[in-house]
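Structures for review follow.
Both of the next two complexes hold subunit A, though its partner changes from subunit B to subunit C.
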Partner chain A sequence: MSVEMAMNNDDREGSEALLKVKDLSLSFFQYTSGLRQTELKIISNMSLEAYSGEVLAVVGSSGSGKSLLAHAILGILPSNSRLSGSMEYKGQSLTPEKKEELRGKEIALIPQSTTYLDPLMKVSEQVMGSSEKKDKEVMRKRQTEIFQRYNLKAAVGRMLPHELSGGMARRVLVSTALMSSAKLIIADEPTPGLDERSLDETLKYFKDMAKKGCAVILITHDIEAALKISDRIAIFYAGTILEEARIEDFRNDGEDLRHPYTRALWNALPQNRFQAIKGHQPMQDELNGGCVYFERCSIRTEHCSKDIPQLKRISGGLVRCNNVS
Partner chain B sequence: MIKVRHKELALFSLKKILKLICLLVVVSIASFWLVEQAPIDPVKIYIGAMSVTPEQKAILEEYWGVNTPAREKYLNWVGNALRGDLGDSLIYRMPVSDVIKERFTASLALMASAWLLSGVIGFFLGIVAGMKNGTWIDKAIKTYCYILLATPTFWLALVMLLIFSVYLGWFPIGLGVPIAVAAQEVTLLDRLKHLILPTITLSLLGVATIAMFTREKLIEVMSSDYVLFAKARGEKGFGLVWRHGVRNVALPAITLQFLGFSELFGGAVLVEQVFSYPGLGQAAVEAGIRSDVPLLLGIVLISTMFVFIGNMMADLIYQFVDPRIKQQETRA
Partner chain C sequence: MYLKGENISFGYRKDDLILNNVDISLGSGEVLGLVGDSGSGKSTLCKILAGYEKNYQGSVSIDGKKIPSNTYNPVQLIFQHPEKAVNPRWKIKDILNEGHVVSQDVLNSFGIKKSWLDRWPNELSGGELQRFALARALSPETKFLIADEITTMVDAITQVQIWESILDIAERLNIGILVVSHEKNLLKKVCHEVVYLSRINNAGLYNELAFRDMQNASLSGMVPE
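Let's turn to the complex of A and B:
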């Protein structure tokens, strides 16, 4: 309920979010011993909104289920998963059928590595994607243009994925998104292991896409990369979003940040205080019904261990904490 | 896609040839030794039920070299074999090389058609089962494969022969050509008619292995990152399987099919026996039962080479055609 209110109170001048995700929960069914089935919760009550012309970063540690968020939006989750909550795209409910219709056309995914490319198919053919015979020439022309823009030689198109260098692979993966006329681009961990220059270059591609009017969701574990180009940053922790802050809020000692975890994260950066906090992100079976950050929180109260705080809007950002106002 | 690396290919061939030579030497020594140990008296076999005088027997013993030491016999045999003379077959009364040539041609037709048929059908079934993983079609195909895998070849051959030749009368009961027809009057159609049932029997067995493998491999490919990404880009259904699945499964499946040469040969021996098909397999059984040592050794050599070539083809595909292997090599 409060999410609804918080989001409706948004002070953005009249612009409607391109993608709205509300109370998204995702779990997997697993057979543990014998025929006993257990439910493994990955994402719980997660909400976010992506706006055209903006880069929204979803920052969380590796292996926390961020990629699955992307897969949930695209509707490509494995069959043993269960998804609840609502998603809207351009004001319309994003049903599985709708997702199937939109993916590859209006919603594009930029994957994290070359393992997402078919090892036996020439790069150019993969970037072009599958198309009907009559469209083949148009697609080829487009692919050539995009390769030129990204400074990829024609010879790169004739290579197989394993022959690409790291930088080339990055640009090839990004160019797959441009082949479609996607309005929403989800980049999943696009920057691991890149040197400073390639990192900046890659991030610039996303910024450019946003400038051209796309909504970009940048899923990453690299908060510094996110800080460079994002308009808003959502902090993903133990399967949910603890805070969504504007980029301007990340400054000084983090006094504009709302959640203690975001502040801790900010202060852990080398250029800031370089202070790590104790503890680790709780596993799903370690959660006891209270705030997911309870164990590590510096401002916790007794009330925090009882139930999960609602997401509320405070000074232009969203936060899931009882003790801030 | 395929960049042949000439230098490596030459080295590869050289290594393989050396290996083949070593293998042939070892196999021939082993077979020779086994035959030596067997209580075979060529003279007795030759004489059969005839009555001979001791003097005649001594001449025959001299002729067959019964009292020559084994090593000398082997070296003689190797020496002649190197000159292309594998000796004369005792049961067919003609040079072993001629018997093998004739028999191998017949077997090759059988094995090649069974190989192709089992490869194509098996691959197709595997793709269907993998695509429909978990559905009744998949279960039906899997059950069919398990039953086939558990079926002895000779039994299947007998059943096929009973049903299609004896009861239904669609196919001839055995042999490679019609009975009581002059050799020059045998048509290609006649030969094909005799070939169909043994081929089907032999290929049915190969189908199971390749279908199960293809199914497993397709399921693996379909759960890979690159198929997930293809789905994310709007690809779906059969187009997706065709574009990414079939391409990625085909190479390993073909490799496996080449590795199956030994089973193919083993199967052919049994099938030819049941169908009295005049192939190499049948000749091998005959030679074994009737102690035709020169023919047996000749067949051992030729079948060794046959299986070796199958394995070599698999290696060749593995190392030179599949770009993913090259990728791993450069990484290592």
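Let's turn to the complex of A and C:
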């Protein structure tokens, strides 16, 4: 633990990633008509590494399947899914048995939807239930403290989930992770519906968790939230990662960014140019084996439609594009 | 034409009000932002204005007249999660045309592709689905649109695309829009004016809407730290 605590961005080189995901692909089998099945690809060739003491944001639009990355790491995918690629935790292969052993203890998930709460259980009981069985009084004290920190009234603890507002439910979900002593925290869309104050506070807690030596993976569509606290940002688009950039690359007109999509995303932010590019993210049946960004790309060449570009390292980041160097 | 909510109070319990004597007014062609802390009752206010929540005190009216409940509601509400607002067992084209046949003009401005119409809702992303939710709500009879965090879940590029379409159609049809969002930068870009809904205080005294002109006051100054 002390080794992990001492680590930070600068002396990370040479140290091992807490979690390594390599060439992860994920697809689902679905029945279409009768007994005919089709395979729906959601994630293809995704690689990432999470380091202790760092916040890594995975940014992509909602419905693009990035939550399933979290579910894949935790081993809670439905049975009609097929997963390939490799995952390592602390240098050891993450097998389904290992996932089951670690989840909720060393690896904690802050789920996306408030429907992950039990609708028939009081909020405080659910928050306490997420951690190991210790002295109940201690847990309750801790829960009360966390609720106070999040500006949740004592009465909230006695409520049922349907009585909570969106933002309150969100804070309750974050509280569950704070109760545990996890080393890897995967936060799946923890920010929508939070007002600015709660948002900043929530993000600060993730940053604090990282400072205490946790590795935090922040899965979000909200690039602004990601910019506030992350050390690195991975851009998820049509099932894969197009770029992994350092936080300081996001500035001015995005000239330090490597991929044209990342730059377009940056320029679309309301505080920047609020400018859109044409088109939409391709759906799985619209992909034709070439670069997933081909249709919308401003720097495409003929070669790009032929096969998927490899992820390559350029000026301290990663990019999946043929035409940047 | 004005949509007005006057003296609106609402609570799930009698002794615990969420909204207390709130007044709000939205004119045709106006784009009004609504901000407020989490739990301050923004979504509840939206539901009341659009006629989803009936159990409230006070009045909601258009030009002084009560909004009839037995016909098309000129106040249309769009939710944050379009996947919860559509029937998962209907094809997109049926969902789209349930209320009225949506004009090609509207489909074009939302960039809706023909090939999407034969899909099921779970085969579209949230951003695409939200375009359908908006297109079907923007009928010629719609006078006011309540947009409750409608682009919170989409990526920044889709957000710009969606807002460009809405503002374009709203201007042509002279529709008034209430924009609920936590994102100040977005409100600065799309709204004429922004109001702040404060959280009801513990004593349950009153709730006030502070009107500020966007030209005169910076939005950051409006939200109490």
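We take it that the second predicted complex is superposed on the first by the 282 of 325 C-alpha atoms of A that agree within 3 Å, B and C clash if a C-alpha of one lies under 4 Å from a C-alpha of the other, contacts with A are read in each partner's own complex, and residues count from 1 in each chain.
One rule holds for everything that comes next: a contact is a pair of C-beta atoms (placed from the backbone, for glycine too) under 8 Å apart; a residue touches a chain by one contact, two chains touch by 3 or more.
As the structure is a prediction and not an experimental result, all values here were calculated from the model.
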Looking at the overlay, what does A:Phe274 touch: subunit B (first), subunit C (second), both, or neither?
-> second
Check whether A:Asp118 is in contact with subunit B, with subunit C, with both or with neither, and answer first, second, both or neither.
-> first
Pick one for A:Leu35: touches subunit B only (first), subunit C only (second), both, or neither.
-> neither
Subunit A residues touched by each partner, larger count belonging to subunit B or subunit C | C
Who does A:Met168 touch here: subunit B (first), subunit C (second), both, or neither?
-> second
What is the contact status of A:Leu160 with respect to subunit B (first) and subunit C (second): first, second, both, or neither?
-> first
May I ask you to decide whether A:Leu74 touches subunit B, subunit C, both, or neither, giving the answer as first, second, both or neither?
-> first
Would you tell me which residues of subunit A are touching subunit B in their complex?
-> 71, 74, 76, 78, 100, 103-105, 108-109, 111, 113, 115-122, 129-130, 160, 162, 176, 180
Can you name the residues of subunit A that touch subunit C in the complex?
-> 60-64, 163, 165-168, 170-171, 192-199, 221, 223-224, 264-266, 268-271, 274-278, 280-281, 283
Spell out the part of subunit B that touches subunit A in their complex, as residue ranges.
-> 1, 223-226, 228-236, 239-240, 243-244, 247-248, 251, 323-324, 326-327, 330
Footprint of subunit A on subunit C - complex, ascending = 12, 35-40, 43, 80, 83, 111, 123-129, 149, 152-161, 164, 182-186, 188-189, 223, 225
